[in-house]
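Okay, structure first, notes after.
Each chain carries a letter (A, B and C) given by its place in the written order, and its residues are counted from 1.
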Amino acid sequence: MLTILFDGIAYGMLLFVLACGLAVTLGLMNFVNLAHGAFAMLGGYVTVLMMEKLGAPFLVTLPCAFLAAAALGLVLERALYRHLYRRSHLDQVLFSIGIVFMAVSATDYFLGSEQRIIKLPAYLQGRVEVLGVSIGIYRAFIIVICGLIAVALQLILARTRFGSRLRAAVDDPRVAQGLGIDVNTVFAVTFAAGCGLAGLGGALGAEILGLDPIFPLKFMIYFLIVVTVGGTSSITGPFIASLILGIADVAGKYYVPAFGAFVIYTVMIVILILRPQGLMARAR
Amino acid sequence: MNTALQTRAATEAPAALETRALVKRFGGIVATDDVSFRLEPGARHALIGPNGAGKTTFVNLLTGVLAPSGGSILLAGEEVTRLRSDQRVRRGLARTFQINQLFAEMTPLEALALAVSERRGGGRAWWRRVGGEALTSEVAEIAERFRLADIMGERTGSLAYGKQRLLEIALAFAAQPRVLLLDEPAAGVPQAERQELVATIAALPREVSVLLIEHDMDLVFAYADRISVLVNGALLTEGPAEAVAKDARVRAVYLGEERHG
Amino acid sequence: MSRADANANVAANVASGLARRARWRPGEIVFWVVVILALIALPSRALLINEIAILALFALSLDLVLGYAGIVSLGHAAFFGTGAYLAGLLTKNGIPDPLIGLAICGVVAGALGLATSLLVLRGSDLTRLMVTLGVALVLGEIANQATSITGGADGLQGVSPGAVLGLFAFDIFGRTASLYSTAVLFAMFLIARCIVNSPFGLSLRSIRDNPLRAAAIGIPVSGRLIAVYGIGAAYAGVAGALLAQTTQFVSLDVFDFNRSADVLLVLIIGGTGYLYGGLVGAAVFRVLQDLIATLTPQHWLFWIGALLVALVLVRRDRLQRYAQAGASIIAGRLGLGRGHGALRRHAPGEGP
């Protein structure tokens, strides 16, 4: 059972890294970006292709996945997204659905529709016994990396000047602008970072979640659940939400395989009934 | 002040609108501070007070837009504290908004027809057309009373401000309220259009009890029989218009404000 | 003019203004005549017409929810799929009559809509997106798992509806199907038109315009929204039932996100809030789909995505305004479109 817990935590951490960019984007720019999964997919494919075509070591591909997704995010934000910040949520939803469709079909066309397998380096494969619990090495690796990322994000937000500018801009963009904070730059950098994290998450998760052109559509609901349940006003909300959902999903699929997929939806619906604004949302 | 009012309430006929120890807190701020207020049937009652005194908050509490932190609200003796806005409207409490809240994309004809058909209880009818003789004559009557007959077919969003203000009151009136709350009806109305507005308010039937929230002292003294003064969320004083006008405390509050303002 | 005359004048204006709102406009009649002509003159396209009619009804159902109640739903396919599977199962389990099947599916889908509406109305825009999406996914997953009932990933086979009204059996050319679907579409459209022009429909417009004011004139806002969401769900259920009955097959993709996204796109193309948007949009969409499919079959999804992006960037509301302005200039004589200017003003000097 502890193994299930461990696997669930790993899954949850992965969800967190994937979804926290979306949480910040939604909280900051009030923009519903359903195309977030496309950046994750990009990161995954960067890793796969670098390992296949360039023979790059796995660990090297990870920062490249981050950078590639962040770069694309920055370009798209400056070119397209920022014209839509003031538009209705419906418009934003339609726009991002359009982007997803284009990303999915382009990937299918250029890279084929089959599932991609990542060949992990030998030192990340296999399992070990720790205190009587069987632990997958790769999952442990994920927990460590994602944990470090979470801590780093929290520190950046709380301790650095950029972090305080970001928090000010999230709280009230107009006032922040009036205080001399360059809100546009904050938006652009944050969006790019969020996409980069998604890309990194996609690369890390390819082994566990699989990677194919319909990845953004398959996992869109998961990211949205994390953000809705966890709220968008902090890092801790999505973090806790991801852990809960990760554990619930893994446990559900193990103990009740026929209904495994429902567990996550049911948890979401129950939480939304009890707290329509999400777990951690503040009154807006 | 409280006990005197409570004794009076126990012995007299129910007020058209009444609050008992009404309180509203926003975090640490007390916006409405233990307000016990009576609006008598047929009254022409004004509520005045300096900016930020909490007048609009009070109206929002009365109409159900805000939920009170404590106390109760009674409409013709019936407890309405827990009811939604639309439920209170159906029981005879209507209001106008300080900043026009109209249906910008609809015409005054449609808006009034809607208000009247809701009041007549046909709001849920999906099988009928909007119309009928009774509805038509009532809408026509309201249009005339509020001098809107000429512009019934125009888009509300493009009407002159004075006409919009008249429509604002007409919509509230269409609900045939027993109590009508007018939140700064003359605010922002250009001088040229004021006459019409003031005359229309003065011509409201006596069966409707009117609570007027206003800054414009001319309008207040021309219109109101009784005046209540709200300062920092609490009732400073209340009484007949002439008495309040001469009250030294009221002058201090307003003069004091002018000195700072 | 005496006072009494003036009164009568105003009352007459009010009456005529209200009557004008709901009158059938010549442009609408032209539209339906074209539809009938298409049915008669294009028997070889019967299958396509059938698909367009079903899509149009589905889009109409979403228009009620989105255009009239302002609820953004990413999962309207939930009701469509429910209607489809239920209709199919009914024919296999002793109720082959298509019209009875339609009625049952409408009622059940509507009930499902009412049940989920409580979730949908609470919370923010984002919560609404989530809940609507989530419900569609849950139902899709149920259909996937309950293989013994629904056929799972293979789809529901052996759907065999009886003859319509006991007289018109479904044929492989789709003639009965196209006539049947179009007739159902027309009937449901009439009902929707009646609803929209009623006091209930007017109250929905007011809620969309200014919910605070709507409550302030005594409208129970949540209650009305729940009702229209239920109606929209019922309509979607009927559309799904039509699909099952006319194609004699139900696959899992009735619950797909693609379906919900497609119908959103149809409404964007046609415009929301005036009932004909779904119908016009469905025809344009389907014809476009055929065209693009012959040109670049594998890239359909890509072009849909590009179209969505383009439509949003070019400000569809402005597009819609231009289109409607253009249409109303052309159709000014014919009068297609919303009933503004319901009360004609008498020019100065004109007598009563």
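Rule of thumb we're sticking to: a residue touches a chain if its C-beta (ideal position, glycine included) is under 8 Å from a C-beta of that chain, and two chains touch if they have at least 3 such contacts.
Keep in mind the model is a prediction, meaning the values are calculated, not measured.
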Least step count from chain A to chain B, where 1 means the two chains touch: 2
Most distant chain from chain C by Cα centroid: B
Whole-Å gap between the CA centroids of chain A and chain B: 51
Rounded Å distance, chain A centre to chain C centre (Cα mean): 35
Distance from chain C to chain B - Cα centre to Cα centre, in angstrom: 41
Multi-chain contact residues (two or more partners), chain C: none
Junction residues of chain A - those touching two or more other chains: none
Residue ranges of chain A in contact with chain C within the complex: 26, 32, 80, 83-84, 87, 89-91, 93-95, 97-106, 108-109, 217, 220-221, 224-225, 227-228, 258-259, 261-262, 265-266, 268-269, 272-273, 276-278
Chain C - residues contacting chain A, complex: 66, 72, 74, 119, 122-127, 129-131, 133-134, 137-138, 141-142, 145, 257, 261, 264-265, 268, 298-302, 304-313, 316
Residues of chain B that touch chain C when the two form their complex: 63, 65, 84-87, 89-90, 94-95, 97, 101-107, 109-111, 113-115, 117-119, 122-131, 135-137, 139-141, 143-144, 149-150, 152-155, 171-172, 174-175
Chain B-facing residues of chain C, complex: 6-7, 10-11, 13-15, 17-19, 21-22, 194-195, 197-203, 205-206, 209-210, 212-221, 227, 340-345
